[in-house]
Amino acid sequence: MIDTMLEVRNLKVAFPAPGGVIRAVEGFDLDTAKGECVALVGESGCGKSVTALSIMKLLRTPPSVSRVDKLQLDGRDLTHVTERDMEHIRGKDMAMIFQDAMTALNPVMTVGKQIDEIYRRHTHLGKKEARRRTVRALDLVGVPEPASRANSFPHELSGGMRQRVLIALAFACMPKLIIADEPTTSLDVTIQAQVLDVLQSMQRDHDVSALLITHDLSVVSNMADTVYVMYSGKIVERGAVRELFTKPAHPYTHGLLASVPRLSDEKQAFVQIPDTVPHPMRKPSGCYFHPRCFRSSDRCSQRMPRLETLSSGRQVRCWHPLRQEREI
Amino acid sequence: MSRQNVILQIARRGGSLFSLGKKLWQHPKGRVGLILVGLLVLVAVLAPVLAPYDPYDVTQRAEKGLRPSLQHPLGTSITTGQDILSMLIYGSRVSLMIGVSTGIAIAFLGALMGVMAGYVGGVVDNLIMRVVDVLLVIPTLPLIIVLTNLLGRSYFVIVLVFVAFGWTGLARVIRSLVLVLKNSNYVKAAELAGASRWYIMTKHILPGTSHLIIMNTTLTCAGIMVAEAGLSFLGLGDPTAISWGKMLAEAQGGGALLFGAWWWILAPGVGIFLAVFSFMRIGIVMEEVFNPRMKASSSIYKLFKHLNNDYLDEVFQSMEDEANAEPAEQPNGSNPPMAEGAHD
Amino acid sequence: MPKHRKHLAVCLLLMACTAMLLSGCQRIEYPRRTDQMNTLYVGVVQSSFPSAFMPWLSRDGIAPTVASMLYSTLFSYDDETGEFLPNLARQWYYVDAQGAPIVTASGSIDYDRLETHGVKTLQNPQNGRTEQYLTVRIELDPDARWSDGQPVTADDVYYTLDIARNNCLANHAGALAWTADLLHLYSNSGQLQLPGIFTYSHGAAEQGYVIDEAEQDQVIYLHVRGVLGAVTSLFTTVLILPQHVWEPVVSRECQLNNRDPDARMQYLYQHPVGSGPYVLDTAASGPSQIVLQRNELYHQTADDGSPLYTVETIRLILYQELNVAIYAVMQGHIDMLDASLSPNYVRLFEGRDDLFVSVAEGIFTQALVFNVNPVASEQSRMRNLLVDKQVRQAIALAIDSDMLIRLVANGAAAPMSAGLIRERLSDFHNPNADILNGEQEEQLQQANVLLDEVAPERDEQGYRLLDGQRVSFSILGHPGEIELISFLEIQLQKIGIEIRYQAKGSSPETTYLWTSRFDMTLQGVIFSLANVDIMLNAHFVAMGRTSNYGRLVEPELAAGIEEMRSTLNLHRKYELLYDLQPVIASLYYKVPLYSPEIVSVARTDRYGGYQVVPGASVFNTTNLQAIQLLDGSGEASASSPSADRVRGTVAVAREE
Amino acid sequence: MKRSYVIKRILYALFIFFIVLTLNFFIPRIGVRDPAERYYPPQGAMSEIEYDIIKQFTRAQYGFDVSTFQQYIRYLRGLTRFDLGTSLRPGSPKVTELIGQRLPWTLVLSVSTLLISLVTGLLFGTLAAWKRGRWQDTTLLNASTISVALPAFFIALMLSFYLGFELELFPAYTNPNMVADFDWSWKAIQVVLNNAALPIMSMALGGIVGYSQTTRNSVIAVTNEDFVITARAKGLSHRTVLYKHVLRNAMLPLATSIGMSISGLIGGAIIIERVFNWQGMGTLFLEANSTNDYPLMMGIMLFLSAFAILANLVTELFYVILDPRVTVGDKR
């Protein structure tokens, strides 16, 4: 398929540790079409960020060991690409937006300079030209007075501004793929919306594929086209956003959706999934979710279910998937 | 934030002294340190029994500047013909005594100051921290020299002076720990419950700092031993006793270099080294025991050295959906084989 | 690209730094002594060099030596003969009331006539007592010149001695002590109450001393107390200062020996004008070296008219530590070392034919001193034991000086007689004073018998008990003397007395002696004919607040010393001294231990002809006059030193 | 914001300096009622009158002739003219003059030690962080435990013995002619470097290990920061990430430790200077100590303290440039 932007097949990441192995990602598959926004959803600690980093090939060995059968970006096979070549792809063809803008920006460097670096690295522009582009990039993400803000240090900017800077940073070279790792978690709700708007418009306007990683389903519903739900290192459900939101098949997805309070919905009580994600070194047998699942059976605790395809583009990993006709 | 967590973790990692000792003993490096310190104490206590000659006896032999031999395993001094081994054995007393007594005194003063500054806060805190600032800028060694000149050079004065200048480091560490503890939930809860300041200080704050104090004391002992040796080397230690620093000073002053009497320099130097090294070892191991994160990060790299591909293959294989079909095959929770691999 | 240039610059800078530091790593063949002319490099071991060269400020270390090379005294003293040798002055004698010299036909002092004709009396205005005094006539060498070319005159001598007496213009305890016997008295407010120095321009005529006009610049008359030793310090200790230099600047506000000098004074301190054999090269001198150039105007010459001192330039190099200085000698950085070495070092120099090792007889005696004169607050039953002569005697008997010298002093010492007059001065040495030469076993027995009378009880360790308390004394010593103290400890244990070592300098109380917190101490004592008048008086007669540690007053002895001091007949004085020695010895107030020899070292590759001088290291005036710069062949380039140039006796270097 | 911070730091430094100089005034007066009795015992046959004169003289010398308060005022007044007093040495040289003579020689040692240990420490430390867990790192870790336990003076003695006496590569003791004959010629500089080699080596050894360890820890800590991942995600080359992002931030804690060690270097050279007989401030201080030359000792102390305060202040102000965050929250 020519219009597949990112294709990941069977990505596995493990962190060997004294006393055992941390299994962060256990066989992850992903397809992103051009211009599509894919969301990766799950609670914290279920391997989303590790997935993102390993797609960018930013994980180091040690401490991690990763294997992937196929990693392809816009038709280019990245599976066996060297670190040196990867450097030229990062920032230019794929870029990342990080969670906490406070720590993700170098505190002792002006934000302008941090963006300049990208241009100078990937487009071999002179200092002045790079700065001109930087200012434009900042302007694009809605930073007021971009020329003077470029000379500010990260701590001199507000949270929202910093996040915009991060977005500008990611979109600097108009990459083919943007990976946004919880881009709004650290922000106030009001600013969250603004930043999301910026992110969404940038993605849509420039026809960039995006991998949005979040635990916040409201973010997903606004932005994403396809949603992958991840639990303890495995994809448990996949589907188009509307379908998945209206008819979740996996009890975990159901639980996630139920835990979002919605004003429109008065029938359902606010439900939380009991307990937390298992420690990645001590995962339960069988289906990893079964200890927390309201539908678990003996089989659940013995065998891990396969990712079954329900309909086109719709997959679920469960022995007892929810009936599809059921409305929430 | 994470640093505070680390401190809290150290503070909470409870356990008695006994269990601490056990942990140290189980740690291979800690064991080396403990054995060395034990030997040192033994040597110091049994000095009169162990020393083949009277180290103070400078007159009864016409055996000056002898090379190491069976009669004098570490040779004799050039100026007085003293047996170096005997001096070395007796010298351990001074090093140990000064090091440990100063270390303990510093632990008391430093903890007191740190807790006062941290818990009482306000004017007291301000005052103590200003004193710390002042002590930090005054050059320590020259000031100690001045004070020994003024107050005399008995070991009591030397310990006193070391304590007067050595407490600042510990006080600062304790203060920051107390500040964290003070804002921790259980202290807040106790405060809300109406516990008195004194009660909170003795029941909650002090026990929380105890491990940090023990760890610091061990490292302080090591530092003081070096400092004492330096002071004695400058000829400013107690002139009546035999100490390793003074042995070096005598060797230097007695022309050991000119005569090529390497044994006279090497012996006390190695003595100082071993004593300080053993205390430091224990201190560092304690740090590892109290702060497992530090240990973990360093051991991961060790682990990777012994990681074998077969094992990794097995791990990755177990991630496949099919593999999970048989729950018995799951190697989850089992120890990776590098633990065994580490032995070869 | 400018950025690359910046990197390049940093790299180059780093490389340059590294190269520079590495260049320090290569062995550099630089001349050990930069000046290859007739320059003697002398290593001096002390903590710092003086920067002021005013004799009265020069108290310790090399300073007095330098002062004595820049300035001259009136006479110099010959220890061996007790005679005064000419220096700035060429002759002197006592005169009678008529001003006639009291000398024998051969020119020496006529002591018989001195007693009868020399003594005059006057009223001391300060205490109202009548004092006996003598008149001395001194005649200066007309050739003597200051280093700025001015002649040395009688008025310079007047100025020097006068200002030494005047507390308001010069405040120097030493100077006061040296001139104490000069009857030239000032009040505390600086008023001259009694003149005692007379020159042509200072009242000689009024006193009836006739000075020929031709000799007006050479002749001085002095009134001194009626003690034969009175002139000794005046002649041999007081360095004469140039009046024309100092008088314009010295005032009540700006005293001669100033700790806080103004710029003018400072300049004079640093640019000394003296009459000694050497002048200071101020430009070349600094905190780490002092450079002396031979004074070409010096009035004394060798018999053949050549300069008396052969070395043209002396560079004194400062070393803080002895070992460093020894290293420097062995490496050839310096020609000689002005320091006394431990005999241990002799071994180090064995087999080196480029080194000259001088082992000279020492002139001071290391003595164990008892604190028999404690202040009231320090008195205790234990301390009072030491007041008992028998106890002191027992302690003395217990000390085996032969063994001490063999084991502790390592052979580099000679035993000393208890009377503490050096044996070599055989005329005055009384063999009866050698009370400690006996069989050691016997002596120990004797000591125990003596002590059994005082404290017969003993504890389980064999120490004697006094009122149930162990007899135990503290002994103050320098850490360097620990061997000695250790030995004493062992010896005294044999007679049941414990001693405890207290280190000198271990607490402020131990840095000085008169607090008498200690029962015993170790002291170097010099008794020679030159100081016998002062020392014996200080130790046995005078008592005061400043009474020194170990001072003992025995009325009988005091009377004997007084008689010895006041006799004006030298032969009688010597007889009395001879008789005093056993009396002093039998008091056991100081137990002589040994007399260390002086070991020093010099290189023989540039200079030759070294002499060993008693009581001195290789750097001394005798060697300065005797040594010759060698040319390449290693032989003396100039004529060999004539024997008469060398004063004093020459001991033979110890053959190792 | 920045300006007020700078002013605040300077004022605080002045405050600390004032306390230090006051302490400096009072310390030598601890337990000394009369310096004459303390430092000038009567010698030999000295009469009462003579000793009284000496006592008066000594009191004046030590400045004890007026009340303590007046002494203090006098001391302060002297300080305003940069007058640290007069040494008790013969010739009464000014303390400032003596320090001026010795300081350059100590600086030769301390500056080159600092430079060498800093540069080498940075290199080794970065290398160890880079090769984390490999032998380079383990070696450094072991070296740091060993070097802390090995006193510098012992290293100095061994170096002096082995390289100086046995192999005769360097002068085992400093040649004092070096100072006297120094004339800025290339030869003279070479002689100085040749003589300085061993002292610098023995001081730098500990410094190198110390800085390496600090650098390593600091680099590792920074490497784990998020912004380093950002930088890598931007596609920056490894080297750029290291130089521009990691090292730049890793320098911050290092700057503090340099500030602390600059002051320690001059005072800390005492023992090394003693071993090699190097004519610097350290030996000057020991000379003063052995002669009870309190004005000189306290002058040196005050100078060193002032130097330390200044070094700390400069570090703090330099920090403003290095770390733009400092002025926002008070760093301490």
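Read from first to last, the chains carry the letters A, B, C and D; within each, the first residue is number 1.
Methods note: a residue touches a chain if its C-beta (ideal position, glycine included) is under 8 Å from a C-beta of that chain, and two chains touch if they have at least 3 such contacts.
Computed from a predicted model, the values in this text were never measured in an experiment.
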B-D or B-C - the one linked by more C-beta pairs in contact: B-D
Most remote chain, CA-based centroid, reference being subunit D: A
Chain whose Cα mean lies nearest the overall Cα mean: D
Where subunit A and subunit C are represented by their mean Cα positions, the distance between them in whole Å: 93
Chain centre separation (subunit B, subunit C; CA means) in Å: 52
Distance between chain centroids, defined by C-alpha means - subunit B, subunit D (Å): 25
Separation of mean Cα positions, subunit D and subunit C [Å, integer]: 40
Per-residue multi-chain contacts in subunit B, two or more chains: 150-151, 252, 257-258, 300-301, 304
Sites on subunit A at which at least two other chains make contact: 62
Where subunit C touches two or more other chains, by residue: 321, 323, 327, 508
Pairs of chains satisfying the touch condition: A-B, A-D, B-C, B-D, C-D
Subunit C-facing residues of subunit D, complex: 31, 37-39, 41-48, 50-51, 53-54, 57, 60-61, 86, 88-93, 98, 101, 112, 115-116, 119, 168-177, 179-181, 187, 189-197, 200, 277, 279, 283, 287, 290-292
Partner subunit D, residues of subunit B touching it in the complex: 130, 133-134, 136-143, 145-147, 149-151, 222, 226, 229-230, 233-234, 236, 248, 251-252, 256-258, 260, 262, 265-266, 269, 272-273, 276-277, 280-281, 284, 298, 300-302, 304-305
Subunit B residues touching subunit A - in the complex, by the definition given at the top: 296, 299-301, 303-304, 307, 312, 315-316, 319-321, 324-325, 327, 330, 332-336, 338-339
Contact footprint of subunit A on subunit D as seen in their complex: 133, 225-227, 229-238, 240, 244-245, 248-249, 252, 322-325, 328
In the complex, subunit B residues that touch subunit C: 56-60, 62, 64-65, 78-80, 150-154, 235, 238-240, 252-255, 257-259
